[in-house]
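What follows is a group of structures, each given as structure tokens.
Shared between the two complexes below is chain A, which pairs with chain B and chain C, respectively.
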Partner chain A sequence: MGRPSTFTQYKTLLAKDIRQEFRTREMLTSMGIYALLVIIVYGAALALTANGIDVMKMGGGLLWVLIVFTSLLGLGRSFAHEKEQGCMEGILLVPLDRSVVFLAKATANILFMLAVEVIAVPLFYFFFMSGEPVAPTFLAIVAPLVVGTVGMAGIGTMLSTITMNTRSRDVMLAVLFIPLIYPLLYACVTATTAAIAGTEFWMDFFVMPLVLACGYDVVMLLVCWVLYDFVVGA
Partner chain B sequence: MRKTKGPGVNLARGEKHTNPTSDPDEMAIRALGITKAFGTRKAVDEVSFELPEGAFLSIFGPNGAGKTTLLRVLSTLARPSAGEAYICGVDLRENPDEARGLIGLISHQSMLYPDLTAEENLMLYARLYGVADPQARVSELLDAVGLSHRRLDQVRTFSRGMTQRISIARALVHDPKVVFLDEPYSGLDPHAVDIFDELIESVRGNRTFVMVSHDLAKGFAMCTHALVLARGRIVTYARKDDLDFADFSALYRDTVGMGVA
Partner chain C sequence: MAQRKVNVPEAGQWPDKLAVPALAAGAALTTAGFLMAFLFAAPVNGAALDAPELVGGVMVSHQQLLSQKIFYFHMPVAIVSFIALAFGAYYGVRFLTTREQRFDTCSRVAMEIALLFVVFTMITGDLWTRFEWGVWWTWEPRLTTYLILMLIVIAYFVMRNAVDDPERRATYASVISVIALVDVPICFMITRLIPSSVHPVITREGGMAPDMAATVVVIMLGMMLVGYGLYRLRFREARLAERVQALKEQMED
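For the complex of A and B:
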């Protein structure tokens, strides 16, 4: 019996998470319904003021509020199955690099978050922006959405592991998560707003924030990857 | 497999628990002054013992004696605050991954994903451990635990006894040399206990077993070695052949009853 490659172990863990989610649909359903409810609340909140404000300029911020809170809900649930019946300990008993567990779980969270965004973003557009003239740069929102989702899933996976065994883990996750993703969030809101509303300062309001967000992702994911062994060991 | 013999046995507190003539290579487990502290409280306090290959060690002790913590340290799930431990000569601190390949753990928690089927759970672990022919191994284990007919059912639908049988299969999927049992009878009815015992006996072979149990009679009947812990320290450690059950149970009662724990 030889130790399988890191990639094989990664694929095995990722397939397990995906299979489990598609069987229970716990994360996807709860995140999807929550996103829909946020859109409904937005509808009520903006119903009387829509004529007086420029929704296109607020669109980036509103969209990211939806994504952040929806993600928090999903990330909080992402280790629920691992905690149940001591499954995380079963995985930690296997001779594997702990960072593989992080990478597989973060990848699964990215996929689930993106799946919800694929439904939530068109709905958001349909309800709040479909009557407005669309900037030619609109489709560029895909870039900040993907970069932001990758960063939030990575940081969220790490924090979800840390808070897994705490008493009020949902609150703890939010308290740690939002300050830590703030630079990423700020950059992504700026880039998303620039893409939605269009801007003549494309370099300043889209490219630069996106580059900063990418840099933040790389640094934070590397830190999480390196520290994961210590976190699960502690 | 690279083996590390470790230092010679020279134990201040634990010397009486080792055989000075023993060969470290023949030892399935060597614990040398294992200490695990949580803050200022020592859950395990300089525990030292050696267990030969093929032995069955039962660890007894009152609640909070440090039994589960000791098992977690020996199974690499917790890092010791001090001391050394070797599994089949492999140093847990230096080569934890190599040691993990030699260890199986059956706990009162099944470590199985309830929404996956029995077969999917076992295949998951077989692939992670790198078992050569995972499908064949999983089929063999499902046959061994008598649950081939339920292989496609989700573990969530299983009774506690059936889940524990799958848990045995999970722990043995990579053919470990040392198997740890952490209060495996919790929540099992008498019939399920009998089935569990038969299964353990059938897979025992030349494997080494370490079991934490509150059931003195059962634990003593199954073991070749017995160890009593109280307040994280070894009260007694001996081969069963050197013990009389009546004396041993009296010692255990005194240990618990006198408030040593």
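For the complex of A and C:
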């Protein structure tokens, strides 16, 4: 029997994460409930002002706060099983390229985060935006959501591998994660707000931030991909 | 026994002799630059200080002409912070490729110097923001990205403290120092990429007069020497501490 190809290794690792999630449903339920709770907290925070202010203009920002904190919760858990059940040692014993581990884990995190967003974004719309007419460009928020999720999952996978072995790992993850995704977050919030509220300057407020976000994604994913070998072996 | 001796970290190479002269020269140059900023460099575009002046189509008060002097320190300090971060990442890469503890110490000390200069940049920048824009803080792209840079450098040290195993700590720290460098070009280019940025860019403002440029060069050289002197002194101290530790462990064996 020959050595399995890199793509087979990738598929196997990804299938392992997805199967585990289908059996335990741990990540999706905890992230989904957390997202709902954040929306409820927004309800209290905006209770007196929601009618007075333009929710459409704040919607993009609030939505991204929700996504950042929900994914922080998910990313912090993403290596918990590997750590607790000694699965990581098993994976590292297999003679495979370590960056495949990174790609498989990042893909799994992207899938989980997108699954949560599929639930959370309609809920957010239902609770805060359904009362007002949305801009015709509303559906374009899919683009910044996907670009932002890819970058956050990539950086987050790398950082959660690092923080897995540190003391007070959840705090450490937040301390490292939020500054490092900030440029991406800034660009995605700008593009999302432009799509929700509609803008005359589509190039400046939607296309340009999206291009910058894609560039940041590419650079960060490449850096993480190259450095992952060192991190996971330490 | 001979094998053991190799493992003791070496310290006190010849560049240590340069540290104190570099620091003294840097102090002299920055002091000279400070005096030049007030006595030699004229206010922007040769404006007079006795009445408000029109500079670049904007009415400018005396206070703003004087707070412009902060620029002579702000920019060199910021450039040195970028250089220190670049060295931190460079030594981080050296550590990852060679696994020598020495490069981890280099990287850590370079990041410490970077943090020092980043804080100086934030302080000078904030004073300038207060007098020139009338606010203590504004979410302007350059300010925001630089604040993020500061938070990443702080996170680097928080992370170092949270890992016990030295080898693992060094690896993680090197990786973070490389990732931190990604924010440097972003921070540098952001005022050129985002047109709404109000942070001044020298080339956009029409360049510097020769007297201004001379002052900036003197302070820049001074700050670089100060940075190098501090780096080398701190490195010597950290390295000697490691050496003492290793010798102690050797004695116990």
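Everything that follows uses one rule, which is that the second predicted complex is superposed on the first by the 233 of 234 C-alpha atoms of A that agree within 3 Å, B and C clash if a C-alpha of one lies under 4 Å from a C-alpha of the other, contacts with A are read in each partner's own complex, and residues count from 1 in each chain.
In the analysis below, a residue touches a chain if its C-beta (ideal position, glycine included) is under 8 Å from a C-beta of that chain, and two chains touch if they have at least 3 such contacts.
What you are looking at is a predicted structure, and each value in this text was computed from that prediction instead of being measured.
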Three-chain arrangement built on chain A, chain B and chain C clash or fit: fit
Contacts of A:Val223 with chain B and chain C, given as first, second, both or neither: second
Chain B versus chain C as contact partner of A:Gln20, first or second or both or neither: first
Touching partner for A:Tyr186 - first (chain B), second (chain C), both, neither: second
Chain B versus chain C as contact partner of A:Asn165, first or second or both or neither: second
Which superposed partner A:Gly86 touches (first chain B, second chain C, both, neither): first
After superposition on chain A, the shortest CA separation from chain B to chain C (Å): 5
Chain B to chain A touching residues, read off their complex: 75-77, 79, 96-98, 100-101, 103-105, 107, 109-116, 120, 124-125, 127-132, 154, 170, 174-175
Touching residues on chain A, where the partner in the complex is chain B: 1-4, 8-9, 12-13, 16, 19-20, 23-24, 81, 84-87, 89-96, 233
Contacting residues of chain A [partner chain C, same complex]: 158, 162-163, 165-169, 172, 175-176, 178-180, 182-183, 186, 204, 212, 216, 219-220, 223-224, 227, 230-231, 234
List of chain C residues in touch with chain A within their complex: 96, 144-145, 148, 151-152, 155, 158-159, 162-165, 167-168, 171-172, 174-176, 178-179, 182-183, 186, 193, 195
